[in-house]
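Note that chain A is present in both complexes that follow, paired respectively with chain B and with chain C.
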Partner chain A sequence: MASVLTPVYIVLTMALAAFLILSFYYTLTDQGYRYNIGWLLQDTSPYMWANLGIGLGISLSVVGAAWGIFTTGSSILGGGVKAPRIRTKNLVSIIFCEAVAIYGIIMAIVISNQETVFNPQKWSEAERYQLSSQNHHAGYSMFGAGLTVGFSNLFCGICVGIVGSGAALADAQNSSLFVKILIVEIFGSAIGLFGVIISILQVTHAKMGDK
Partner chain B sequence: MSAEASSTSSEMRVKSLVSTARRQRCLLLLLTAVLGSSSVLASDRVPVLVWTNDRSVSFPQHLAGHSVSRHEFQNSYVKDLTLDNQDNIVLFMQDELSAKDFARFSDAYHSDEEKNSFRHVKSLMSEMTSTFLPSVHNPASVLMEVENLKSRKVKILDDPQDILLETDDEPHMIIVRLPELRHHSHKSFSHLDNVIGVVSLQLKALTRPFIAFYTAALSSKDTSHESHRQGRRLMEDSGAISEIFVNVSDTFYFYTQNLTLGNDSIAAVEVDDKNTQCNETDRNCDIVLKFGGIEHNNMFDPQIRFQFNITSDSFWYLSQFTLEYWMTPSSNSSPRVDSSMHTVEYRTDFVYQTPIGFSFHCNHLPPIPVKNDSYSLSFQFNKFQIQPFVREGYEGRFGHYNDCVGFFTVGTWMFLISAAILIAILFFGIIMLLKVSTQDRFDDAKGKTITVTSAEG
Partner chain C sequence: MSMDLEHADSPPYSSFFGVMGVTFAMIFSALGASYGTAKAGTGISCISVVRPDLIMKSIIPVVMAGIIAIYGLVVAALISNDIKPKDYTLFKSFTHLGAGLSVGLCGLAAGVAIGMVGDAGVRGTSQQPRLFVGMILVLIFAEVLGLYGLIVALILSTKSG
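Presenting the complex of A and B:
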């Protein structure tokens, strides 16, 4: 392998080639009208989007937390060899990273509570349009909420981890530095909280079901 | 007097011999026709088992998986065997047989009748020179028509208890018609096997050696593995199909199968020429189709009305789909009042907007309900293809189809989206794993190497 990204390039090129071939086929056989993103968004099941949101929400949060903990943890372990006094104090950084994972799981539970079964065959003609649009809205809201909390927690976790690592090593050198760096970590942790707040706002209006 | 009598009696004997030969020839031809026609119709491949107690006969090598064509069977197997041969040729004919039957119902390890339905056949094949051809094309017709066999005397045996042959002075061709196979089970095959066993006992008792062929006219259709295939199908065929095709002066084409309204099936429709017109310049297509057969619902002279319009960007769409009928029967004496006509409007969104010059096609349409849903009768089309505004120069066939199911269905897209996310995650993971390496920041090539003393023992 020339570079580690070579398989990525190969897959992307193949996907692009497939897309181009299909586009040319549809255009040249006068079937361009079949390219319809609206149909795609309307007919795909809201369940898929909702569950993708829930899954990505929790898993991306956990990735952020894990990344942060691994960054901070290795620094604490390394610094603690020569300066054992830093070990207990710097666990606060680990707790900040873990909080990010907890945000993720709380939001996943909140979002999944909104997801209920709906059956289009039970709907009457009069309410069909309203119920259908409501369920689609719910599906997309949950997808968005999950992505919101997932990505903001991902970057929050990475951020807190790197700052915490710096805090541990600075603390090992000079113990008065720790409190100052902790303030930076608190700012970093706040951005995860922003993600949670917006995610809750997105998901409270989501209503799935037959009513 | 006696000389005359004897001459007439000898004449009569000759005549009777000739007539028997002719009768046998006729019977042979009839059998060939019946079996040959059935095998031609089916053009199936049937297995053939051959065994013989003639030591001088040897069979050519059979390649596994090779399907023996009629020509090859005739030249390599039948002609060679019967060239200078004076053996009796026995043909056990079954109505249907397949290689799977042997696999399922014969068992090499058990000799009891319950598990092994082909005991006699198996023992005959193992004690004599034999060969098994799992797939031969029309062997029965070959065996009937080969010249050398035609010259032999034919004996047709339906009941195995009959005496096989009265005399053994010349080689015969014996055709044993095995009983019909009602269903594929151990018992039915055991019964056939017993017949073969009984006949073979008699054959072995004769001094003349024999060659036996066991085959069938048709290959048995095994329907036990048929399952309901779900998902996409290219071709679908089930039961009686009543097709309806409408052509309104080459401007409107409509095809459907098994059209039903509620519980009644509509076998044929008739175009009402007075009320039907289809014109692209008018941007309007109004089709009225009359049908019959549902008077019991108090619906007399029912008719379907399709109305198509054209959008501003040259797409045609179904704007109205109604069922019209009268509540009273019409007669010449009391003409019908138009006000007693009932109109039922059905939903029109099952036909997608299609460009002009294209047709709309759908194989599985759901039942089409009434618009305000207060009626119970709904239309059910089995297959559906419709095209108004057929363009000049493109008559005679439907335009390119705008199918209700595209190449990428919704399910396909949903899978692709989910799979793309998962595969992206997988790629991220693999790439990160590949980046894991030992830290070489503090390596110093010129510095002291670390030595670790290891304790001995």
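Presenting the complex of A and C:
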């Protein structure tokens, strides 16, 4: 009986096989020096890293918010068939999920404010190392910041959605339970906040430019 | 580009690994904490219908999952204060990557364990009150796994050289 994960296993095995075959080919034909992570990191533009970070930051946050909203929303609407009183109170759970998307957009704007144009042709020989390090550091920091806020908000949104769904269904049975299960949701939404904090810490030291 | 020997141990790309350490510390701890909160949360929602008096005691697994996220936050903040734009050696960069990975992946494992134990524990405690202490004991062992990751991360991030 083929499981639903069989295509995942097939793709992963093929990727691993391709990687192993290529590495053996390069090693055995004396071209091992071409596998050069330092060259890859240094020759890719810091703009690429920065914008990837910004894009992933906002999009993953929104995926998390959307996942949470549909999980909670479908439970509210299903439970509301027999207990329509739960409609308005449980919108609080939906707002918790939406807050995750707001964190994402705020961080995307903050990160993109740090991004400016720099021109390596204008650098003197003495300051080349310092400016090159600084701009690369800025690019990587923005990438890391975007990834941090994006993935933290993704996981937080899914978590708050699942707990909110449980809260809605418990509320439908006994209306005094909602406020107590909201405590668990608050713990869940703290996780997204931690991601925002670390993302801000990463991006405050990022300085792109010619100075 | 210029390959001067003077800056050979702190090339311009060395901050990538440190930044990835900070990122992994936060992301994987967040995943573990979210899993723990969600899984224990569904257990709490289930038992709250039949035993509303047990809800406050059952929030303990959720709190412990939140602590896992705090471990990741602490290590990420500690590492990111050490990352400098220039003269950031590859030694420090890779130790920061190792620190971030250790707290992150340990936190992920601990969070998943706390979630599953919390879910089963609250469901069992609702039917058999004597199981509460047992649930706490197992949760403590699961939490300590995240602590091990934090310890190794702190050892690595305070290495100088």
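Following the convention adopted for this analysis, the second predicted complex is superposed on the first by the 192 of 211 C-alpha atoms of A that agree within 3 Å, B and C clash if a C-alpha of one lies under 4 Å from a C-alpha of the other, contacts with A are read in each partner's own complex, and residues count from 1 in each chain.
Going forward, a residue touches a chain if its C-beta (ideal position, glycine included) is under 8 Å from a C-beta of that chain, and two chains touch if they have at least 3 such contacts.
All values derive from a computational prediction rather than experimental measurement.
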{"item": "Greater residue coverage of chain A in the superposed arrangement, chain B or chain C", "value": "C"}
{"item": "Which superposed partner A:18 touches (first chain B, second chain C, both, neither)", "value": "neither"}
{"item": "Touched partner set for A:52, first chain B, second chain C, both or neither", "value": "first"}
{"item": "First, second, both or neither for A:152, with chain B first and chain C second", "value": "second"}
{"item": "Contacts of A:169 with chain B and chain C, given as first, second, both or neither", "value": "second"}
{"item": "Partner chain(s) touched by A:109 [first = chain B, second = chain C, both, neither]", "value": "neither"}
{"item": "Touching partner for A:34 - first (chain B), second (chain C), both, neither", "value": "first"}
{"item": "Set of chain A residues, in rising order, touched by both chain B and chain C", "value": "none"}
{"item": "Footprint of chain B on chain A - complex, ascending", "value": "4-5, 7-8, 11, 29-31, 33-34, 40, 43-45, 48, 52, 56, 124-125"}
{"item": "Touch list for chain C against partner chain A, complex", "value": "1-2, 4, 7, 10-13, 15-16, 19-20, 22-23, 26-27, 30-31, 33-35, 37-38, 40-42, 44-46, 48-49, 52, 55-56, 59, 62-63, 65-66, 69-70, 72-73, 76-77, 80-81, 83-88"}
{"item": "Residues of chain B defined as touching chain A within the complex", "value": "315, 355, 371-373, 400, 402, 406, 410, 413-414, 417-418, 421, 423, 427, 430-431, 434-435"}
{"item": "Residues of chain A that touch chain C when the two form their complex", "value": "38, 41-42, 128-130, 132-134, 136-138, 140-141, 143-144, 147-148, 151-152, 155-156, 158-159, 162-163, 166-167, 169-170, 173-174, 176-177, 180-181, 183-185, 187-188, 190-191, 194-195, 197-198, 201-202, 205, 207"}
